[in-house]
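What follows is a pair of complexes built around subunit A, which joins subunit B in one and subunit C in the other.
Up next, the complex of A and B:
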């Protein structure tokens, strides 16, 4: 069977259900790179520029980890998944960066995903898949039905997220009720987490941030639990429309969290070298000052961040919140 | 209204000509200096790019001189520049500084909006006067590029480069003060004549192409006078970006036809970079290939630290360098780049390309 490799990085966290269902339904085998580990990160660091952001480094490591086992590597050139907003220059150049820096790659499927000025988040993937499908089959009906299956799987995934399931669980095929029970409701503090999924949900990169918070008695609310509309509504309040989809998600989540009276604090996880974040986090931090009862902690991670230091900061932050509650 | 705008190389001359002729009261911030940097850095996000920080410094210094309105350009991404103005505005507001910001978004987004904003600035001036002022400013832009191109060409060749530099400074100043087109053209002619008569060395200098992000290429303060350093080391520098070309593309919507060596190089970006990546990323790759094809001895890329499009461009360099056997060097610039480090890296690079070039000749 033809094997398609997918690096477990960047947009894997947004679109894996979509991609997997599409390729499976075409009759292809999908091979995912393993969970991030030291070797993967080291490989990524070795093959990228030191100026590249941490997530791109991680992506390179994953591409290398899966490259040898597959016939094709799926690295779509994701430009816009909604009209008039980009992902990030680095996403747009990803396939070119891989080609220029790695030898012996399998065939790259680098089809463009671009909603352009008028398209939308579904049609851009339909267009992409039509093109990708034609690489493997002449059977148009099969491609169409695979696209349908893919969109359905993605819809299911979104629904699970909106129901409050954490992303890593929503990515697996776990029953909703089961997971809801596993989320302990008795934790004492509730914190809003802001950050890109490829940082938040990669336990190696985030150094188990969510688990650490659980053990400190903190439950989390994530951007993924908000609907696209909730995010869009709030980010529309900006003086000028943001032209980064992910940046909008960050600002939109922050603004939603500011209004959520049940939250005790916010943590904003960013990774070193992220371009859009440099401006977006500045705006978030400046607005945070307007709600001084909701403390915000910025956590920036890079390849040298130590686990112990992070734990200390989390402990101090939660202690501070608890003290404030007593007063 | 006392209007100001941030510095970018010699752009101030062009904008001053334009605004003054539109009847506006211009307050030019002092030339960017260490103090500008300190002010800017203090009030900017740590990881914002260098140009953002220098802009902030310019605003604050202009404020001290009485400016109350800022003219700034916008953009539609994905490069961060398009969102500078909004964040800068928020920062000024939080500092309690009352300055109005007029942001000119690219006309393809909303032509009407641009028109309204210009109308707001110029009051009831006629459009004919606007066109006249624009043409005058344009004439200055072309003049600046012409004298600067000559400077770049002659600096490694003349025996007295510092004297040439002085002529150039004088010419710039005269262009700035000239109040009609004929006077501007006169300055250019006399500079060309004077400089071409200067005694020259007989050796042929090494040739280096300069690519990268526009601000760091055009602003000598941001690139630690890189062109001058190269010239004094005896290297002929060819720029891929010119002020007038930039104005034409970004402010005039590509209305005019401009000729310079790299005009068509953008299409050479494929197969190395097959997509637009914002900013000047694609041009950087295309022009690098162009210089390589025209047999330059090396190419230098300039970018603000953390500049996304340039990081993407830089990432594909290994493939170009391998295919064309040409040495490439990248400088990421910010307030911490040390002068000494830059000079050392430049000298090492020149030694390298000199060796390469001798080698090539040996083979031939």
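Up next, the complex of A and C:
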């Protein structure tokens, strides 16, 4: 069977159900790289330029981890998934960066995904898949039905997230310990966790942030639990439309979380060297200052971040909130 | 008893049931040997105690708090933010800003009505901390003790780039070669450090009086004057400014014991004569290759940490109930 490799990084966290369903329905085998580990991170760091952000470095490690086992590597060139807003420029260039830095790559499928016009956010994937499908089959009907299956799977995935399921479960990568911990009654605080899913939900990059919070008695809500409309509604209130799709998700989530009266605090996890975030982070921090009742803590991660420093901050932050509640 | 094991110094403090300092605090250099220094500190403490004295509770803080906590059998192991805040509140009940600058790290704590509402710690960069001053004093052939007072003699402090220690250093060398007076250069360095602190750690914080300045660097009159100048407010230096973390840990331990009406887990001064071995090994169970640290007391494993998965850490929970040691 033909094997398609998908790196467990970046867009995996947004589109894996869509991709998996499409390829499976075409009759191809999807091979996912393993969970991020030290070897993957080291490989990624060695191969990329130092300017790349940590998530891109990790992506490289994943691409390398899966490359040898597959016939094709699926790295679509995603430029726009909605009109008038763009995906991060580094992410657009992923196929080029891979080709420039790695030899002996399997065939790279770098079909463009570009939603130029209104209502194209689904059409852009249909166009992409038509092109990708033609690589493997001449059976137009099979491609059409595979696209349908893909969109259905993605719809199901979004629905699960909106119902409050955490991303790893919704992706069907169930981490039992995390699920079990989530159900424990000792969780006394609820914190809004802002950050890109490829940081928040990669336990290696985030240094087990979500699990650490659970052990401190904190449950979390993340941007993934919000619908696209909720995010769009709030980010539209800005005087000028933000033109980064992923950055807009951060702004929109922050504004939604600020309105949510049941949260005890916010934590914003950013990766060092992220261009759009330099702006978004500052805006969120300024809003936070106007809200005395909802403390915000910024955490920046990079390849050399020590786990002890992160734990000290999380402990101090939750301690601060608990002591506040006592008064 | 409160023990603060930091990267540069280790402090031990005893308090009486009222929370007043009992005997004078101990200030030792950690010198990269946290276990030995804790044992040394305990031995020194024991010598000064009379036979009627009894340790009713112990708390640890600082970057080696877990390690120290295991060694002495601490009742509470608290992060530095909470410990420093608790001590500051005890000294100046209405305090609203705590500036803390230690050997390798610095922090700011914002309090309102006796509650921590915000805090920040320096990230990976140690610019603007005690070790930076140490190095520069060394370069100028001054002892760190004289450094601050020399700054006070300055007529026209020179402007030195404070963004980064590397820049600061080359800038300072340049100013020396140009022939500026020593006192003006030293004062310039103090101002640079303060500027660096306020721009990084203090960024976006509402610094309101009363402002308390603690940590080892508070001994430096030049830095204190520079803060006074920059903030245009009186800077209070508490009596025990250099052991505030340990003082806070002691207060927290006392509160914990009183609240729980409990008996202390303190293992007694016998631990000073025990042999502890700390070893590390690399776990081969998965590609993460975590470095596991193991603390052994003779043949018994007291604690292990450093693993991401928790496979080895389990021992720590069992170790917590370890029996007191007979002196």
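Here, the second predicted complex is superposed on the first by the 310 of 327 C-alpha atoms of A that agree within 3 Å, B and C clash if a C-alpha of one lies under 4 Å from a C-alpha of the other, contacts with A are read in each partner's own complex, and residues count from 1 in each chain.
In this text, contacts are C-beta pairs under 8 Å (C-beta built on N, C-alpha and C of every residue); 3 or more make two chains touch, one makes a residue touch a chain.
Nothing here was measured: the structure is a model prediction, and the numbers come from that model.
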{"item": "Fit or clash between subunit C and subunit B when superposed on subunit A", "value": "fit"}
{"item": "Subunit B versus subunit C as contact partner of A:309, first or second or both or neither", "value": "second"}
{"item": "Which of subunit B and subunit C A:237 touches, first, second, both or neither", "value": "neither"}
{"item": "First (subunit B), second (subunit C), both or neither touched by A:276", "value": "first"}
{"item": "Subunit B versus subunit C as contact partner of A:38, first or second or both or neither", "value": "second"}
{"item": "Angular separation of subunit B and subunit C about subunit A, which is computed from CA centres of the superposed model and rounded to the nearest 10 °", "value": "80"}
{"item": "Which superposed partner A:159 touches (first subunit B, second subunit C, both, neither)", "value": "neither"}
{"item": "Partner chain in contact with A:292 - subunit B first, subunit C second, else both or neither", "value": "second"}
{"item": "Residue contacts on subunit A - larger count, subunit B or subunit C", "value": "B"}
{"item": "Nearest-approach distance, in Å, of subunit C Cα atoms to those of subunit B in the combined model", "value": "6"}
{"item": "Contact residues common to both interfaces of subunit A (with subunit B and with subunit C)", "value": "286"}
{"item": "Touching residues (chain side subunit A, partner subunit B) in the complex", "value": "48-49, 51-52, 77, 79, 84-90, 92-93, 95-97, 99-101, 110, 112, 238-240, 242-244, 273, 275-279, 281-283, 286"}
{"item": "Sites on subunit A touched by subunit C in the complex", "value": "34, 37-40, 203-204, 207-208, 285-286, 289, 292, 295, 300, 302, 304-305, 308-309, 312-313, 315-317, 319-320, 323-324, 327"}
{"item": "Contact set on subunit B toward subunit A in their complex", "value": "45-49, 74, 76-80, 82-87, 89-91, 94, 272-279, 281, 305-309, 311-320, 332"}
{"item": "Residue numbers on subunit C that touch subunit A, as the complex places them", "value": "63, 78-82, 112-119, 121, 123-124, 204, 206, 286-290, 308"}
